[in-house]
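Same chain, two partners: chain A is paired with chain B first, then with chain C.
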Partner chain A sequence: MKKRLATVSLAGCFGCHMSFLDIDERILDLMKLVQFDRSPLNDFKKFKKRCDIGLIEGGCCNEENVHTLREFRKNCDVLVAIGQCAIMGGLPVMRNAIMHAEDPLRECLDTAYLNSPTVFNASNDIPNDPALPLLLDKVYTCAEVVKVDYQIPGCPPSGDTFWLAMTFLLKGTAADLPYELIKYD
Partner chain B sequence: MAKTKVIEIEPVSRVEGHGKVSIHLDDHNNVQEARLHIVEFRGFERFIIGRPFWEVPVIVQRLCGICPVSHQLAAAKAMDVIVGAKKLTPTADKIRRLMNYGQIMQSHVLHFFHLCSPDLLFGFDADPEIRNVFGIIKKMPDLAVQGIMMRKYGQEIIRATSGKKIHGTGSVPGGVNKNLSVQERDSFLKEIDQMKKWALGALALAKNYTLEHIDMVREFAAFNSSHLSLVREDGALDLYHGNLRAIDAGGNIIFDQVDYKKFNDYIMEEVRSWSYNKFPFIKSRGHIDGWYRVGPLSRMNTIGFIDTPEAQKALEEFKGLTKGKPNHMSLAYHWARMIEVLHCVEKIEELLTDPDLQGNDLLVKGDRAEEGIGVVEAPRGTLFHHYRVNKDDQVTYCNLIVSSTSNNEAMNRAITKVAHDHISGKPKITEAMLNHVEVAVRAYDPCLSCATHALGQMPLIIEMYDVNGSLLERKGKCL
Partner chain C sequence: MGKDTVSVVRQACKKFDHEGSRILDILREVQKRLACVSGETMDLLAAELSTHRIEIEGLVSFYSFFSENRKGKIIIRLCDDIIDRFAGIERVAKVFSEELGIGIGETSSDWNFSLEFTPCIGMSDQAPAALINETVVTKLTPESAGVIARSLKKNLDTSALVKKKGDGNNADRLVNAMVENNIRKKGEVLLGDNVRAEAGLRKALKKKPEEVIQEVLDSGLRGRGGAGFSTGLKWSLARKAKDARRFVICNADEGEPGTFKDRVLLTERADLIFEGMTIAAYAIGGTSGIVYLRAEYEYLLPYLERVLARRRKAGLLGKNIGGEKGFAFDIRIQLGGGAYICGEESALISSCEGLRGEPKTRPPFPVERGFLGHPTIVNNVETFCCAARILDGGPRWFAAMGTAKSSGTKLLSVSGDCAKPGIYEVPFGIRVADVLDMAGADDPTIVQVGGASGEMLNRGSFYRKICFEDLSTGGSFMTFNSSRNMLKIVDYFLEFFIHESCGYCTPCRVGNVFLRERIQKIMEGYAVKADLDYLKDLSRTIMMTSRCGLGNTSPRPVLSSIDQFPVVYASLLGEGGEGLEAGFSIQKALEESRRIAKRSSMIYDPVYGGSSD
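What follows is the complex of A and B.
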């Protein structure tokens, strides 16, 4: 019986998904063991069935990220936070505390949409259409929002790290990743 | 807008990053407008302020996990100016170019094989169960393996030149931090003939698809536009360095051989309330008509020639289709992309046999400057980085115009046209119709993480509202 695997990228750069694909030809072996449920690599936009494993890339920076992460928790037996953004917020978290800035998020928005010299902004508004999900006051890690079962560090974890971690996850045994594969870059 | 129905596609899938599409319909289901919303915001341009300048190439490449090298190189080129490195050593210049070719090769291959080929090979309206890379692996394993191995080759080139396949450290202000060892060189040379064979095969696949479906390709998401890219001084394709050239829809020059350090005088970005992605335009033509396209298709339109023989041959065939006039077909991006893959393989071969790659002279510096601008051709188009640095080495200003942002207006026009042609007036909206809209987005290979460098993602939903603004129907694909 193949295990069901779901993946998603929240507030990340997609690098973890790319690194996952760096398992290269081993993906052929992986496909003998898993069945992909929702993932940006296919067109399943909702969960089709309950999943054994959910891989999360990225932290939460808007309400939609939070909603998606909760959906994953609800639908996956084992939830794995992949990479620095999911585990610790990663680079985006730098906007949580900008020195001398009372409202860092506001400053980030002003810089991007009002004050840049190449900006033409007739209304002088920051994008605010209801179609855009609300930004959170700050960037949150996955574990601040839901219970996370495992974390695989790295920016991103290498293809080899993914491969080994997946084999442990699929066997359901405790992971024993060698020192060289654990990076906190 | 309140008095229309809106359908949403969310998330847009098999693209990089997070976005959604909303399609606005009137009472009779006639499409009035379609919008691609980029729903994420990160804020790199602000939070990088205060950081030491040598950190910048490694920080900003984390805008994007698919094209990190492009951001690394654009930032490093800007920082070359800051440290006063007027001309890099031959080793540094060539290592960076090699890295860039590896990057464009792997990104284009990933997009073509892993993300888009299911639409082309199985059909836009194929069963979603097989319409993905896993379906390709199952049904066409040989082709899938080619895609996987070509991407691996590009990724290995990046690892050898940048230290890691994703988010490496190879380019530093003033040069690079390593050369290419003889062992690395030999391992790449061993496989280069195989790569060229597969690149020719992929090119034939993209070309034949275009020619076999030419009536559809001429119509599908096609519209006239201006095009912009870097070109070399002699007009050749150069993905690492050059001057700006823009042409109008008829192929006439708007501006040419403009020093990219003056891009602020030529390009602006309009902010619209419904997307975190801005809408760049050519200043002299104004914000209504000044929009343009970038990326592989645009490059094939702007350049005079390609300086590698096989790719030049392919370019001539490509230009023959439109009798030398600019090609405006969105789906022709795929063909153009595969010409570039072939060009990258040829260039990689040329570089690998160059002894400069084993040189030890890696860094230069000179008089410190306060302002640096770096521009490269990323896989998805022209990428602009602009920084200022104070005397304490801290960044004080950062402005980025990324490739997928430049294609924002074009992508919106593409989905609007497809929605008109395939959804307008239909009583029931199917998953296949929605996938047509996504196929139009995918042609541009948008990198919506980049586009919201302000932090990104891109999923696709369709929501339908009645004339009073209440939600009728909400569809992700495969609900």
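What follows is the complex of A and C.
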């Protein structure tokens, strides 16, 4: 039986998903072994069935990210954090550096929407539509919110890394990635 | 740039002969007169001492008694030790803060007052205490703090704060301190009345240096700072090293939280210390000696200088000491800069050389290449005193006290929740329970032996003995009753190590911060069992990969408290459930956002009937 695979991008840039597609024609081989469930690649917004593997790109910067991540945890047997943002917070986590300010979140929003030299914001509004998910007090990594089984480093991990990691995951063993694939200098 | 600055810098440099290794003294002088070592001053000093500004800046930022920003004429340093915290230093701080109109870490606008917290100042037996410039004030209460603050506002002379002088030499004109010795139990070796002046030195000079070392070896004397290295062996190694100059350094940088026995020895047994150093110099062929005195004990400096002067006059220092032809030795006192790490011997040597107090890589050991590259022995204050007494009483007399591998007596600095905190001179091998009895601790629940880097004990471990074979300690013995929060103590120790880490080794600089974060997570009730495994794992890494004793021991409060108080930890651990991390609280994470956005969550607030989790 084919394994069920779900993927999602939280506070990330979709770079990891793009890199996933860098496995190129090997995706045909992959499709022989897996069935995609919830994923931006097929635009399924909800889980159809319980999945064997969930790949998470990006960390949590707002409540929706937390909600989605928890859904993934609930519905996937094995949860894999993919890339720098999911593992360490990545670029979004830079806002945690102002955590020691008096009012960190306010300062973050002011800097982003009002005070930066490149901002043109004649109405001085900070987006606050009720449909917008609330921001968290700081950016959390996936492992801070739910139990994470595996982490695949990289920004993004290369197509080859994805391919090898998927091979191991489908075999059900921890990936032993060669040094060339996980060195970044 | 003021003419003043230029002349102050020139005078200070001249006073110490532009000697690079005396830069700590130069900086102290400048700091005292200008209330800061500003960027401009650093430039001047660098030019004057033919060095680089970055070197000076490195020192100023390293030692907490120097500051780049201008401080007040009066600096009030409140002792923020755990003992002082439990004794109510927070309330005292509040009064100072209100009376002087400045917060902690601030300086008043008239440049008269600065208020800060400082780690243990060696007054845990009379907590809460504070340093006001160099004057020590003890047993503070909110009321007495108010009186002190108001009197300082009228009169900036800190010596006027000493209303009632302490006992013994604390009442000496040159010490003039309200500090009490609190000697509760005199032993045979150090604090008894049988200590005969210069008897050890006289007997030593009649022997050959090798014989002196042999006596110390036979006595089984081990270093009193806590590590317990054989003193005789250290001396013989230094003697064997080939060099024309050898140094004898006395470690009086008593910084381990809860230790104050050197304070009492420096006050009451100054001659014995210098006598021991002179004997050591005779034994190893030492040419000069340094007493590295912690900055917090500056109030003892004039007194100690007078003792040294008297000894020079009496022919006990200088040339042909005690009539011994060709034996020349003198001692100077080096004041520290307020850094715990300088109690570590190689860091102490760095500091004496005028460098940042960072430990050196060993080997070579100080006995081969120490101060300025010459063979050097560094011994604790108490060790020198013991050595002098051994030469008088003989090695057999000394070895008859204590246990097989820890001979002699030990000074314990007992503090915390007990009726009689103070100094106890006890033979090695005494049980923790017996010390508690003597000190009148009626509800001892947690005992910390050996200071921040020592071991935490529960009631079931009070049978354990104080000696190098079991519980080794530099003298710190803190007792806490059942009303104290064990994790607060652990948290304080970690805070202390984070502050005092020199920063050279990453596992120590960063690891201790992570340890503390995890301990706080436990205190807040967000931790799961995996966090304990993480603590143990990280502790192991820090201990294995740090190069000096600070990092090698800093996780010990964590490890020993997990070992001794498993139930306390267990009661605070939660369960995540369904793969969720207990440490993450979505409600807490959203608090700020709700406030700023002035709306509630679509997902997590029940009003909107969203998700259930």
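Operating definition for what follows: the second predicted complex is superposed on the first by the 164 of 185 C-alpha atoms of A that agree within 3 Å, B and C clash if a C-alpha of one lies under 4 Å from a C-alpha of the other, contacts with A are read in each partner's own complex, and residues count from 1 in each chain.
One rule holds in what follows: a contact is a pair of C-beta atoms (placed from the backbone, for glycine too) under 8 Å apart; a residue touches a chain by one contact, two chains touch by 3 or more.
These figures come from a predicted structure and were not determined experimentally.
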item: Partner chain in contact with A:P153 - chain B first, chain C second, else both or neither; value: neither
item: Between chain B and chain C, more extensive residue contact with chain A; value: B
item: Chain B versus chain C as contact partner of A:L134, first or second or both or neither; value: second
item: Which of chain B and chain C A:H67 touches, first, second, both or neither; value: second
item: Which of chain B and chain C A:L109 touches, first, second, both or neither; value: both
item: First, second, both or neither for A:G89, with chain B first and chain C second; value: neither
item: Which of chain B and chain C A:V145 touches, first, second, both or neither; value: second
item: Chain B versus chain C as contact partner of A:G54, first or second or both or neither; value: neither
item: First (chain B), second (chain C), both or neither touched by A:F120; value: first
item: Common ground on chain A, meaning residues reached by chain C in one complex and by chain B in the other; value: 64, 104-105, 109, 128, 131, 133, 135
item: Chain A contact footprint on chain C (complex, rising order); value: 576, 578-581, 583-584, 586, 588-594, 596-599, 601-604, 611, 613
item: Residue numbers on chain A that touch chain C, as the complex places them; value: 63-64, 66-67, 70, 73-74, 79, 103-106, 109, 128, 130-131, 133-138, 140, 143-147
item: In the complex with chain B, residue positions of chain A that touch it; value: 9-19, 21-22, 24-25, 27-28, 31, 36, 40-46, 48, 58, 61-62, 64-65, 90-92, 94-95, 98-99, 104-105, 107-113, 116-123, 125-129, 131-133, 135, 139, 155-156, 158-159, 185
item: Contacting residues of chain B [partner chain A, same complex]; value: 8, 10-11, 13-18, 20, 22, 35, 37, 39-50, 59, 62-66, 68, 110, 114-115, 128, 131-134, 137-138, 141, 144-145, 148-149, 151-152, 155, 164-167, 264, 267-276, 278, 280-281, 287, 399, 401, 435, 438, 447, 449, 454-457, 459-461, 476-479
